[in-house]
Structure formats: structure tokens, C-alpha cells
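We call the chains A, B, C, D, E and F, going by the order they appear; numbering starts again at 1 in every chain.
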Amino acid sequence: MSPCTRKLLTIITEAALENVLLKDLDRLGAQGYTLSDARGKGHRGIRSSAWDASSNIRVEVVCNEVTAEAITAHLQANYYNDYAMILFVSDVTVLRPEKF
Amino acid sequence: MTSLDPIVLFFILGLSAGLLRSELRLPSAVYDLVSMVLLLAIGMKGGIELAKQPLIVLLPQMFWVMLMGLILPLLAYPVLRYVGHFKREDAASIAAHYGSVSVATYAVAVVYFASQQISFEAHMPLLLAVLEIPAILVGIVLARGLRSKMPLGALAHEVFLGKGIVLLVGGLLIGWIAGPQGIQSIAPLFFDLFYGILALFLLEMGLITAAQFGSLRRYGLFLILFGIGMPLVSAWIGIAFGYAMGFSVGGTAMLAILAASASYIAVPAAMRISVPQANPALSLAAALGVSFPFNVLVGIPLYYTFAVWTYSLLGAPR
Amino acid sequence: MTSLDPIVLFFILGLSAGLLRSELRLPSAVYDLVSMVLLLAIGMKGGIELAKQPLIVLLPQMFWVMLMGLILPLLAYPVLRYVGHFKREDAASIAAHYGSVSVATYAVAVVYFASQQISFEAHMPLLLAVLEIPAILVGIVLARGLRSKMPLGALAHEVFLGKGIVLLVGGLLIGWIAGPQGIQSIAPLFFDLFYGILALFLLEMGLITAAQFGSLRRYGLFLILFGIGMPLVSAWIGIAFGYAMGFSVGGTAMLAILAASASYIAVPAAMRISVPQANPALSLAAALGVSFPFNVLVGIPLYYTFAVWTYSLLGAPR
Amino acid sequence: MTSLDPIVLFFILGLSAGLLRSELRLPSAVYDLVSMVLLLAIGMKGGIELAKQPLIVLLPQMFWVMLMGLILPLLAYPVLRYVGHFKREDAASIAAHYGSVSVATYAVAVVYFASQQISFEAHMPLLLAVLEIPAILVGIVLARGLRSKMPLGALAHEVFLGKGIVLLVGGLLIGWIAGPQGIQSIAPLFFDLFYGILALFLLEMGLITAAQFGSLRRYGLFLILFGIGMPLVSAWIGIAFGYAMGFSVGGTAMLAILAASASYIAVPAAMRISVPQANPALSLAAALGVSFPFNVLVGIPLYYTFAVWTYSLLGAPR
Amino acid sequence: MSPCTRKLLTIITEAALENVLLKDLDRLGAQGYTLSDARGKGHRGIRSSAWDASSNIRVEVVCNEVTAEAITAHLQANYYNDYAMILFVSDVTVLRPEKF
Amino acid sequence: MSPCTRKLLTIITEAALENVLLKDLDRLGAQGYTLSDARGKGHRGIRSSAWDASSNIRVEVVCNEVTAEAITAHLQANYYNDYAMILFVSDVTVLRPEKF
């Protein structure tokens, strides 16, 4: 169980996309994900989380580089143009690398 | 609506607080709780009435109302597309919002009718539930064409199992099965508190409406005109249907109100998934920023007046 | 329970929505609010009754009920361990859940008894509170052995200062001190709305129950059989205790219901900390996925029938 | 206050749970909902009364009460600065808290007065709203000097558009416009449930109060003495003003209670932005950790007794 | 749209500062931000989020290095002494770098 | 007050563990932490946050390398086998390094 490097993918997008997005993540090989509710501002204006249509979610996925690239490519191809969405990736060290 | 009703004052309070950029903000959990109670209560009220009459009698009404839900967006679409010059998906999405209904507008109308002692067909919540959906389908077809290969399963899921529909139809079924006697034990929460909870809901709606005014400024005059004009036209269509179906004046006026109202729960969610190219800010700006306040502050009593005129001109139906 | 009661219909609505994977989801803040009001209300109802009789009279009952809470998990454990082949910690944890009680099941039973005009010993909430805890201790000892060096302070904290116990016992004390007169001012929230709030709670419980069905499928038939069989056995033990303690038929039936119910608030939290090796999915699948719906839909009237049989066979106690 | 009132028992329950480090914790959404309903309800109660009398008559009262709100912090400041040796900003901030008012204390006093059938000037919520603000301005000037270049716009925004003020004044206006008849439909939520919702609020206040005890221990005895002494002094000032304004005994006592109470909603928010150098833990420890429990448990009946003495010594005013 | 490196600035501070802070971020050139509610403990004690005065917010800003430094400097100069606040920066890879 | 590198430890685990975990963090030398509520999916299934028993928390700790390693080792030894838990570490730049 020595430490090992993985990618941490953070996706911030509209809550409306939650169900679809989580299914995609499963299909693209993510071993897990973590969600929380968020609000914010970006190119598509203020998203205040006062109610469903203006809520954001913040999704984190820890995964290997291949999966990270697959997810990134998929999101860029399918949602980037039509949805309020940003995505960023960073390097993290994990324990039990076999989990991710 | 008489601007003195406290329900409406709560809306105005929320609207003012929002426009003045006050710190007032309701947690989304409160919005969820309050809207859940309203949807269940409206459903149950309707369900209790269903228990009193054979459902078969209502089937033709459900059919006609569904037809109305198909016609309204087909009417709105060309105006949006060719007069408003919106791109195809946007025109289709806005049209779908106006073909569907707003539960909050209905709730305010119920309060107004009660205060004016206007009676109406008590199974109206059933028609409300029926009206939510057809316009969504029309909107999708308008946006994507008939040959589009939308996964039908996912769409049906989104449409029929959305939060709003499940609570409204669930309430209908509970009211229907339990009947007026059975429901009595839960009446203190769902019926006695109805007005108060609606007041809280409208406070929040005021805040949400205020948040749409920014987009309105950006998308300009046409959207404002459409947001007022479309309800006025829809109201007359609702009156025509109500009259043709042999409704009472009150019932006809209520159908006019439903026709004039624009959805902001079921349709935005369904459109976001099935027509993602449509800009949701446009439909919400029109439906919430213009038509909802117009209907609540001016439209409801106006459409009732329209219905009264019609009945006094043409006589009671049949 | 008569399946027509709207309270139960709300549970079925939540269950159906969950199984159909509807979007309906209640924010956890709503769950917290609703369960807080229920626990306080049940506590206060019991506390008011305590004010009417010297507490000393109830001490023997509290002792016997505590004994029952020790016996039930000891009975469940060998079945789970040697018939179900669960590992030691899992068997102990599940046993603890079944030795303790479910406040929601009790609340539904209260509604049922009221609708059937069955009276029962009104200090039952005191026994409910007493029953929450002994099974937890038995579960821990079964899992870790008597010589385990669990930090007793942390454990006592977890057990006695958990959310559920604090609210229930707090409510008891408030009701006891304030008495029926004092409590009147807050009755509109805690008592008049009780049924409505319970309905919302059961809607949420339905959704939560539906979420357990996945684990059920994974862990198989034995868990389902246990989740039905154990309450049936426990109910008879509850009847025996109730009869022996000289309770009324209603009180005996209520004790049977408490015995048959399985905890999903206090015990899961305590077990998670003190027996972390136990898989919480197993106990929740059984307690929430099987026993809770079984008790609510079938068990409550059934156990009452059991109690009636017993009293007509053996005559009223003493 | 009679320590048997269930409202107060809820406060004690929260306080005990907090001190015992129980797991009980209310989601902030529940806190928001409950405080929103209370503020609106108190505002509307006052607004209904305003509808009954020409506002012009109340202008002098509003002026005098505003003056009181300016005097109280000016009195507190030198004590804090030169006896308590707090740094300038801290002394100013604490002084501002004590010059302003606590809506929760007022609500508990309303319950106490109702239980003791003491009547008081029913437009008191108007004075409550008026009293919230002047002390904030004094506090800022004390901390920053008169020549400070605070952006006045931002300050006015913070002060007048804070959550608490908007809801209280919004409620006042709604009650005023709608009048007693209009408000009836929403009375079940805002008035019938008032006591119950206040109970939940005080449960949470107990938990919050308990959380202040840590800072109290750190900042020592002076803060405790000040937290008890200042309300005692302020109460007499409130009595002087009430008597001078020709209030009834009840009204005078209520003004004493307002004077004695210390803000923990409007002032902390405003101070945090306009006097950031002040340590908020100090003012909250005093206002919430000492003065709030003191006022609720001891002060309210005490100040009423003071007012009764005064009136029996000096005779009714004028 | 090749991937590109940006800074992820995370600010954890008192909820009371929200309005002021977001205005500052806009002014200092942030193209967007994401907020969520948080609780925590630091040098200024426990902030439990039970009510307004004890709530934290967690703000994330993805931006270029210059903006990150401007924001950091501004916060340090204006709020660091008087408010419960921490700030940390990490490197992230983003798509559509023109957005940030 | 020059910038300086520290570790950001992110722990996602069951809400039931909150009290115990925070005490451990204090004891192991963390100068602070930030919590928020989360939901997610991992090897122990879906944790939906609908109610207490299925809620996750997301805990962030900024600390020096030694503390990060102590916390990691402690969590791995005590909770990794029995609780739904993941943990990842990244490098962050902080101001006022003396705080962490």
C-alpha cells in the first residue's frame, strides 16, 4: 500500500445534469465519485442555488490518467457547449491505488 | 388579484427584497419543503373530488385538455421563431414552457377564487397534472424534429418521474384512495396551513423572479411583450375550451388561468435534458420574470372577467 | 394497518417513487426537521402522562421492559450467527437493531390505534425510550466480548447523547414538567400537525426503504426471512411481557409492536462507532428494507390481533 | 419567566444538550426557516395594530425610542473601554449589541405577557424595528471616529437590507396593508404555530448559547458581570422612557425588556463588515452566552416587577 | 483546445464576508468562482455553521497566475488580520484556457 | 510572509465518523480543518446523504508533510478497513506558513 499518483478531476456544472453525468462517469470507468451542492458564477451568469434550475453541483473523481482523459473528452464533446460547466484536473497522491 | 391579499404581498416583498439586493435568501431546503407541501396539498384536494365521481366521466375532459396542451406551444412557436427571431431550439423551449402550467399561479388563483367565493370544477388539479406534459413533447419535437433519436426511456423518465409530477399525481392518488374522511387527520398540515405555506413560497418566488430581471434586460423588449401577450391569448383559448367542455364560469376562468400560466418546474428540467441547446435563461426570464408576476398581479382577475363576459354574451354552455 | 390510511399511502408513495428511480429526493434538512418534531411530540405526549402518576409505580415496568430489550438481541444473535452464517460482528449488530425500537413504527401504530379507538397505556413513550438502549449494550458485548476495552465514556456519550434519545427524553421531561396545561400553547405545532408531519416523514422513509432494496438483493433470502420472522417472534415476546405486566390489550399490543420493530436511528449510529467491523448495509437492509414495511403494512394490525387472541384465551391479566 | 413554561424548557433542553456535547445539531436551513417565520409573524402582529391608528401619532414615540437606542451604547462604551479595558473597536462593537434589541427575547416576553395576561402597546414591533438600527450607527462612529470614510452606501445596504430588518419591516408592512381581516388566511401558520415554532427556535438558541460558553471562559469574569449588569441598567432606562412616553405598565415593561436585550442578528452582521477589527466572539459571548439566558430565565419577570414598582410609586404617567 | 495550466485558489472564510469578497473577486479579474457552505476550525476557533454568524464559505477560483497573485495580495492586505480566513493555491489543468 | 508549500489532505468518509475523526485530527497536530457535507459512490456503494446513516463528510486539512503522514497512517490503521473512506493528498501553496 505505498502511495501512488492519480488524477483528481473536479467538475462544476448544472444540477440538472446530475443523473446523466453520474451514469456517464460509471460507464467511463470511474470507480467512485463525490458530489456536493454549490453555487457560483461563470460565463453563463450567476447560479445562485436558490432552486433546482439555478443550482450547481461540484463533482470530484479520483481516477487514473486514462479514465481522466476519457471523461474529459466525453464531457467536452457532449456537454461543454450547452451546459454551464467547468472542469479542472490536478495530481493527487492516494493510498490503496488499486481502488481508483 | 386584489393587491391587498397578503399572499400577493409576500410575493411583492420577495420581489422588492430581490430587486434591492437584500441579504434575504431562503435555503433551497426550505424551497423544497414548501413546494413539496403545496404540490401534495393541491394533488390531494383534487383527488378527494375524484373520489366523488366515476373517472370515466372525466376522460373526455382529460383528452380535450391534453389537446389544448398540444395546441398552445404550436401557436407560440412560430411567433417566437419568426417574429422574435429566436433560434429553433430556443423558440421550441419557450413554447413548451407556455404550453405547460404553473402550479404556483394555480395556487394563487385558488386563493383568489376562494376570497371571491367563485366556485369551480373541483377536479381541476387532475387537469393541471394532465396539462403539465403534452407541451413538453411538442417542444421536443419542435426542437429536434420527429425523426430525432432521443432515448425515449430517458425522456419518459424525466417527464413522468420529475419531482413535480410525482408529488402532484401522488397527492391525487392519495386523496382519491383515502377520500375526504381519510384525509382529515393530515388536513391541519396540508389544508389549514396551505395559505401560510403558499405565502412563504411566494416570498421565495419573488426573490427568484427578481433574479430573472437581469436576463430580461439583456434579451430585450420582445420577451417582455411575449410574456404578457402570450398569456392574454392563451387565456382566451382556455376560455374557448372551458366553454366548449361545458364548464361553469369559474371552471372556465380557471382553465384560462392554467392556459395563461407558464411552467417553471417540470418543463425547465425536461428541456434542459432533452433540448440542451436551448438557453434556459430565456424561458425562465419570460415565464418567471414576466408572465408569473403579470398573471399573479393582473391576469387572474382579468381572465375571470373575460370568462364572465363570455358567459353573459353567449349564455351558459349547452 | 388499514392500507387506506393516508399516512401509509405516503409511505407507499415514497417507496414507489424510490423504486421507480424518480427524481424525488428530500433535503436532509427536511428529514432532520420532521424527525425532530416527531421525537419531541412523542416524548411530550408521554411526559404529560408521567405527570399524572407517581414515577415510582413505573419503575418495575421500566425494569421489565429493559429486560425484554436484553433478551431480544440474545435471541436473535444465535439465529443470525449459526443459521444465517453471518460473521460475529454482523450478527451482533443486526441483533442489536432488532432488540431496540423504531420510533417511526411506534408513531404509525399510534395513528392506527387512534383510528381504531384502541386505548393503551399512555406512558408508552417512556418505555419506548427505555427500550432504545439495552440492546445496544448487548450488541456491543456480543461483538467484542466482555473483556473488550471499549472506552466506556465515549460509548455512553454515543448511546445517551445521540440525537434521537436527547429529543425523545427531552420531550418526555418537557411534557412531564410543563404538564397538559403548560403544553397547550405549543400543541398546534406538535400535536395538531403530528399526522401531517408523520406523513412527510413516511414519504421520506419510503424513499430510504427503497434505497435498501439493492443491498437486499445482494445479501439474499435469509435476510428477508429474518426481517419478517424476527418481528413475528418478537411480537409474541412483547405480548408475553405486556400480559405479565398486567397491561391492557392495547398496551400489550403496543409493547408487541415495539418488540417487533427494529431501530434505524440510535442503533446504527452507536454500532458504527463501537462495532465498526459490522457492515451497516446488512442491518439497514433488514430493519428498513424488510421489517419496517412489513410492520407498517401488515404487522401492526396483526400484532394487535395476536394480543386480542391472547386476552380472550387467557382472560385479562391477574 | 416562570421556569415551567415549555418555551423556556426548550431553551434549557438546547442549552443542556449543548453543554453535554450531545450530537443534537439543527441544520442551518431549519434555523433560517424558523427565524424567518418568527420575524414575519412578529412584524405582521405589529402591522395589524398600525392599521388601527394614524401613523403620525406614533412618530414621536419612534423618535424617543430611537434616542434611547442612541443613548444605551453611549452608556455602555465607557464601561467596556475603561473598566473592562477592551480595545476601542471591541468596546464599540459590544456597546452596539446592547444598544440594539433581540427579537428572540421579545418573542419570549410576548409569551410571558400573554400567559400572565399583561397587556401592552400592540405596536411594539414597530418600536422593535426602530430600535434595531441606531445603536449600529453609534457603534460604528465609536469605533472609527466621525471622520472615517466608510462607504455610506455599503453600510446603509448592510444595515437596512439585512435579513432580519427586511423580514421584520416586510411583515409590518404586510400586516399594515392587509389588516386583521386580510391576514386571517395565513394566521394558522404565522399565529397558531407561533409558540411551537418559537419553541424550536429556542431549542436551537440553547445550542448556540452553549457554544458561547467556551469564549466566556476565555474572556473572563468582566464579560459575565457586564452581561448581567448592563441589562439591569438598560431596563431602568427603558422604564424611564416608557413612563415618560405615557405607556401602560405592560408597555413600559416591554420597553424595558427591549432595552435590556442585546442583538445577535442584525448587529453582528453589520459590525463584522463595518468594524472588522472587533472580535465577534466577545460580543456574542456576552449577548448570547450571558444576557440572553439571563433575560429569558430571570430578566423578563424582573423587569416587569420593576415597572410595576415604578407605576405604584409614581402613579400612572401624566 | 489543448489542456493548459492555471491556478486554483481556494479561500475559506466567514460567510459574513461573502458579498464583499465576491465583489472584490469580480473587480480583480476572476472570470468566475464557485462557492459552497462549510464549517471548520482554525486559529479563530470552531465555526460550526449552526447559524449565520458562525458559518464559513469555501470559495474556489480558477484563474491565471497574475490574477491569483492579485487576489492573494488583496485578501492578505484587507482581510487576513481581521477575519477567520485561510487561502491556498494549487496548479490545475483546464480545458478551454481562454475561459479563465 | 512569503508563500510556502504545504500538503492539502482531503478525506471523504461517513458522517458517523465525524466526532471521532475531528478529535483524532486535533490530537495528531492539525492546526485546523474544514468540513462540508457530501454524497457519493465508492466501493461501499452509494451514499446518498438522504439521512444520517448514509451521509458523507468531506474534510480538508492543510498541514505540513509530517502531520499529513501521521494522519494518513493513523486513518489507514484505524478506519480504512471498516469505514467508507478515501483520502488523497496534494501540494498547495499557502500564505502565512506558520499557521499550518
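The rule we apply is simple: a contact is a pair of C-beta atoms (placed from the backbone, for glycine too) under 8 Å apart; a residue touches a chain by one contact, two chains touch by 3 or more.
Everything numeric in this text was worked out from a predicted model, so none of it was measured.
Q: Show me the overlap between the contact partners of chain B and those of chain F.
A: Expected: A, C.
Q: Farthest from chain B in C-alpha centre terms, which chain would that be?
A: So the chain farthest away from chain B turns out to be F.
Q: Taking all residue numbers used at the chain A/chain F interface, answer same if over half belong to both copies and different if under half do.
A: The interface is built from different residue numbers on each side, given that under half of them are used by both copies.
Q: Measuring between Cα centroids, what's the chain most distant from chain D?
A: A
Q: Report the inter-chain centroid distance for chain E and chain F in whole angstrom, where each centroid is the mean of the CA atoms.
A: For chain E versus chain F, the centre distance works out to 20 Å.
Q: Give, as an integer number of Å, the spacing between the C-alpha centres of chain D and chain B.
A: Once rounded, the distance between the two centres reads 42 Å.
Q: Just how far, in Å, is the C-alpha centre of chain E from the one of chain D?
A: 34
Q: Give me the residue numbers in chain F that touch at least two other chains, ranges are fine.
A: Residue numbers touching two or more other chains: 36-37, 90.
Q: Mind pulling the residue numbers of chain C that touch at least two other chains?
A: Correct list: 23, 25-29, 33, 163, 188, 193, 269.
Q: Touching pairs of chains, all of them, please.
A: A-B, A-E, A-F, B-C, B-D, C-D, C-F, D-E, E-F
Q: Which residues of chain D touch chain C in the complex?
A: The contact residues of chain D facing chain C are 4-7, 9-10, 13, 17, 20-30, 33, 111, 115, 188, 192-193, 195-197, 199-200.
Q: Any idea which chain C residues touch chain D in the complex?
A: 27-29, 32-33, 36-37, 44, 157, 161-163, 166-167, 170, 173-174, 177-179, 182-183, 185-190, 193, 269
Q: Contact residues on chain C for chain F in the complex?
A: Where chain C meets chain F, its residues are 25-26, 28, 31, 154, 163, 204, 207-208, 211, 214-215, 264-265, 268-269, 272-273, 276-277, 280-281, 284.
Q: Over in the complex, which chain F residues touch chain C? Could you list them?
A: 14, 16-17, 20, 37, 44-46, 48-55, 79, 81-83
Q: Across the complex, what residues on chain F touch chain E?
A: 1, 3, 6, 8, 22, 31-36, 62, 90-96, 99
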